[in-house]
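Same chain, two partners: chain A is paired with chain B first, then with chain C.
Our next item is the complex of A and B:
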């Protein structure tokens, strides 16, 4: 137990603090089922993008183009959903993303362009294509605009876990526990309730894909081939694996996931395609992949964290204000840790920052809305800079591979 | 032999432009427009005197932004954060520039200095995070773009702008005084009948030269390039990669600081919510197109500005002007592939020729 706490204190402490802060009335939004419900809906697209990144990087291709593929997902998803209905939107989003994955694969695998250069070019291309298509496709609509689609009905029905969360007119255990208002127990019940009630079938589909992705990559021969290509392509080739094909498939699956993430954003969050609505989520997905150490469940945890930050940002400015004291406390603990390690300069910087946040917390009622808006992005930076040290990335990720060459 | 190699390299952008025109021809055809007619309208509109001035004015910040990105590239760093870096510099220098009274030369120098310094320090965060925390600069600079946008919006609305009750004026800084404005070149060139050709175009030329000098002619530039192409070798030659990474990021950011100068001192004279944005991303396009070459990027910037400007006319002709965005994007994507193909071709030929020499001996 003590060892577990020692090892994971970076995860456990913030959770404990959040629950403590949430006991204050003003900040109770930090742990309600509403917040967690929003968090899981916001986490899903990030998680999907992260899974996409994983499929690509496991085959050795860095995919900075996730954002662009996600943009394609939003546009094609919205367009097909507007024409035929939400499930067609999902399908079109996946195909649109995969198409751009194919372009990325042609660039990086066949022509061996620098992966990041190709990815950035993909992002630029996707933004241009989406804008162009949007003008052309909705040209004769009364609400025609170059940056938005008409409103889309994305309703596919939803699902609530029976007995535990009260689905299908059964009693709700988590709801009962949440209403008791016991510290910790009610907060955790809130989390579980939010995560398991009123989930649309699209969300359920997306969540099911997480174990499926893990199974494909780690329990099938096909997955083994894909992973081997990212670790030691020459070795895999000598054993008869078609390295190029695997890389193509990996990057296209990656694009498909990113496209699905985009379609999800349109159908679940906004009900409309809007230019710039991905707002860097493809990159946050990439960050969650790094945080999750290139593994599906790690990615899920990481995206949950970013989704939570996003949900706070959307639901309640007060709750974000509560985070200030959290940051202050964490910095204080950092300072003590650094003091023990005899890093006096770092320690005093941490102390100063900690006091700064405390003063800010005490002297303000809310955080300015402009700051609230970038909570998820700041979280990404902070998390990456405190967690990206002990990674085990695929060995040959980002390196060009040419058939018949030793590398 | 050497010349023909250079010529082959030049083929890549030409090829990319042809592909872009080919693809947009197909697209225009698919949506039922006449491609030839469309290109002709664009060309005719793009070559008017008014358009040429506008194209040159547009290409100045675009070129500088490309230089900022290219500095990073040369060092093996991908600075996607030019966007927030130049906006941060522009806001702070606009606010300070409006608050002080100085003789003209000093005033402009001060504005440039503030923009460059603040952009450089904003960029340094990404360098620090890369060196000390191992955060890849692509992710950190993108996140810093969002964070920077938020901070800029906050500073603009709450610190640098007096909100008046019930007024609908968008947040903006005070106007720059006359002494802080860089004059146009029209009187000098005798083209008074055209719109203002902004004077900072000369500055852009100097920035191109400065970039060339720093990267290729100084020992710092040598270290930077060496670290970019082989960190290990650079380390053994005595360079300090950690220090150089932060420094490179700061130099890249410093160049980004120049991006906002032309719009600020040339035609906006203040920082508002519609201060030109997106130049940082467009700069990546130009840097890729011009292959980080000071002259190549200038041509690239002019080409993109030409496309942007000449597409403006299409709205009047009922052709979606967004076709230009596609052309831009296709050019970038094709050009990176084409450069790679050319590079491979050239290397293969060099190997062949070298082996011929060896065989003849």
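Our next item is the complex of A and C:
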């Protein structure tokens, strides 16, 4: 138990703080099931993009084209869903993203284009292609527009865990516990209720992909070959691994994940394709991948953090105010940690920031609304920079590889 | 006895070079066959062809009397050929088990049967008595262990023919003898071994037959028990041997460098070196012997001002340079030949005339009054280096990457010596280069020493240390454990201090 806490204190401490802060009435939105439910829905596209990034980078290809592949996912997802129904939308989104993954792979693997250059090109290309396709595909629709699709009908249905969360007209244990309003127990029940009720089947599918991705990469020969290609392509080649093929597959899976993330955005939140819908989530997905140290569950934690902050700012300005004290506390802990490590300068900066946030918290009732929108990004930034964990990226990520080349 | 390998008329050309020219080579099953030759003689190309990494232009390959046609290493592996590369093909981030079984299964989504593989690996390690912990991560292993992983990786694939590319280049003498024992075990159980090297003593010790290559051609194959080292060397370089450097002490009284109680900062819970004391007179070469990773690299870098120190004093000539930046230290007369010429010594994508500026970019030598670079001066000085150090290049506009390793190294050494330093730190000055370039660099270092230059020599090549140094310190786990006179030092004596067997 103590070891578990020591190892995961970065995750556990903030949760404990949040629960403590949520005991004040003003901030009770911090731990309701509604907040957590929204957090999960907002986190999933980012998590999927992050998983996509992981598959690509594990095979050694930097993929900043995730955003573009996600745009393709939104467009194709909306188009196919409009034509045939939501599940086809999901499939088309995945294929659309994978298609752009293929383009990225051709550029970076076969033609040895710099990964960043190719990724930027993908992002620009995708925005243009989406607009072009939109004009062509909906030309004879009354709502014809270059930046929007018609509204998509139909949905994939919801899933609620029976007995624990009240699915299929069974009693809801978590709901009961949440309504009791006991400190701590009710908060945790709220978390679990939010995570297990009214989830669309697409969300369930996306969540299931997280352990599946981990299993593929760490428990199968295919995954071992993929990882080895990002670590040491020459060595893998000499053992008969088809390096180019692995890289192609990795980047295409990456595109598929990003496309799924895009389709999810269309089908889960807006029910319509809109230009600029992805709003940089591909890049935030990349950030969550780095935060998650190129591992699926780490990526889930990173995207969950962003989704949570995002959900808070949507649901309650008051609750965002509560985050100020949370940030102050985290910085304070961090300062003490640095003090122990004798990094005096870093420590004093953290202390100063911590006091700054505390003063802000004590002297205000709400956070200015301009700041509220910025909360998710700011929170992510602060946590990212204070999480000074040891990152281990694949050894040869971003480096070109030519077949038959040694040393 | 059957022939394990029969190569006939193998030719391979690269643009502008004929790497292999009608090679005919026959290797008996169950023998150790050495292939010797200078760098660039075509050994590696031949082995890459044999291992399916390259395709020959002409010629045929027969393995155990059946003609084969490899298009990838996979084909070679399935014919029972395995290769241990000079630079280990191991990813730090994988476990020993994963490294060995990589590529054994088709890339499918079945579950990896790790426990079955583990048992199979343990069987092999016991059979050939090469102990390994399959759970360790590769980056936790030492050099000798990594090599063992490589050999087992190959055996695990059922290799009956083992190609070892310069296997001893990274090992200390004790590890070499352990490797040789393993190889003899393998030979006794019927494995055919091809041993590529340019270290003639080792080749004579381990091999049954020796083939010599020079300039892409197969010169001759001789019996190891009848040939002499001199004959081999002359076949290898096609001329008489360079004379071994003579040893005359020529040191002066003035100190070039004095190190007092130097102690490194704690990094990852340990100090790279501690309490180092020594001095170098002008006109003296002081060698440091040590297994890689015992603090010698950090020591050199701390003198240069790159690695942080906690306490102690570094005195260059009469002047304490502790508080100077690296740039100021270089301008006070410190020069540095880094161990990795490609990543630390040269900008590979840049011409030689610009490369000559490196390390002196801030000095007035190459800076005009308005802080422009004096390209004329750079061009002139690069030509001086090219001429004085016999750098084989079409001109000073050639990019550094177009030069062979030996010529790159000659250029780096030339640049540092031509800067007229008062102290030169030479880290692995002749690593991985051919005999010709090596003897030139040795002579130039010796000349510079005779002109009064103090040299701190760090080298893994023990013969080089003994031949060049006026005094040798052995560093072990961050401390000097022994000072030796090269007159009575041998690689074996050095090796036993370097590995901590003797103290």
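By definition in this document, the second predicted complex is superposed on the first by the 366 of 407 C-alpha atoms of A that agree within 3 Å, B and C clash if a C-alpha of one lies under 4 Å from a C-alpha of the other, contacts with A are read in each partner's own complex, and residues count from 1 in each chain.
Quick note on the criterion: a contact is a pair of C-beta atoms (placed from the backbone, for glycine too) under 8 Å apart; a residue touches a chain by one contact, two chains touch by 3 or more.
Being a predicted model, the structure only gives us computed values, none of them experimental.
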Worksheet item: Taking the superposition as given, does A:136 touch the first partner, chain B, the second, chain C, both, or neither?
Response: first
Fill in: Which of chain B and chain C A:381 touches, first, second, both or neither
first
Discussion item. Quick check for you: in the superposed arrangement, does A:120 touch first (chain B), second (chain C), both or neither?
Written reply: first
Item to complete: Considering only the touch criterion stated at the top, classify A:61 as touching first (chain B), second (chain C), both, or neither.
Response: neither
Practice prompt. Please work out whether A:220 is in contact with chain B alone, chain C alone, both, or neither, and reply first, second, both or neither.
Written response: second
Discussion item. Going by the contact rule stated at the top, is it chain B or chain C that touches a larger number of residues on chain A?
Written reply: B
Discussion item. With both complexes overlaid on chain A, does A:239 touch chain B (first), chain C (second), both or neither?
Written reply: second
Worksheet item: Looking at the overlay, does A:314 come into contact with chain B only (first), chain C only (second), both, or neither?
Response: neither
Item to complete: Answer with first, second, both or neither: which of chain B and chain C does A:279 touch in the superposed model?
Response: first
Worksheet item: Where on chain A do the contacts with chain B and the contacts with chain C coincide?
Response: none
Worksheet item: Given the complex with chain A, which residues does chain B contribute to the contact?
Response: 27, 31, 78, 80, 129, 132-136, 138-140, 142-147, 149-151, 153-154, 157-158, 281, 284-285, 288, 320, 322-323, 325-326, 328-330, 332-333, 336-337, 340-341, 344
Worksheet item: Across the complex, what residues on chain C touch chain A?
Response: 44, 48, 51, 53-54, 72-74, 77, 83, 85, 87-94, 98, 101-112, 153
Discussion item. Could you list, by residue number, the parts of chain A that touch chain B in their complex?
Written reply: 64, 103, 106-107, 111-114, 116-118, 120-122, 124-129, 131-132, 134-136, 139, 146, 279-280, 283, 286-287, 290, 368, 370-371, 373-374, 377-378, 380-381, 384-386, 388-389
Worksheet item: How about chain A: which of its residues touch chain C in the complex?
Response: 216, 219-222, 224-225, 227-228, 231-232, 234-242, 245-246, 392, 394-395, 404, 406-407
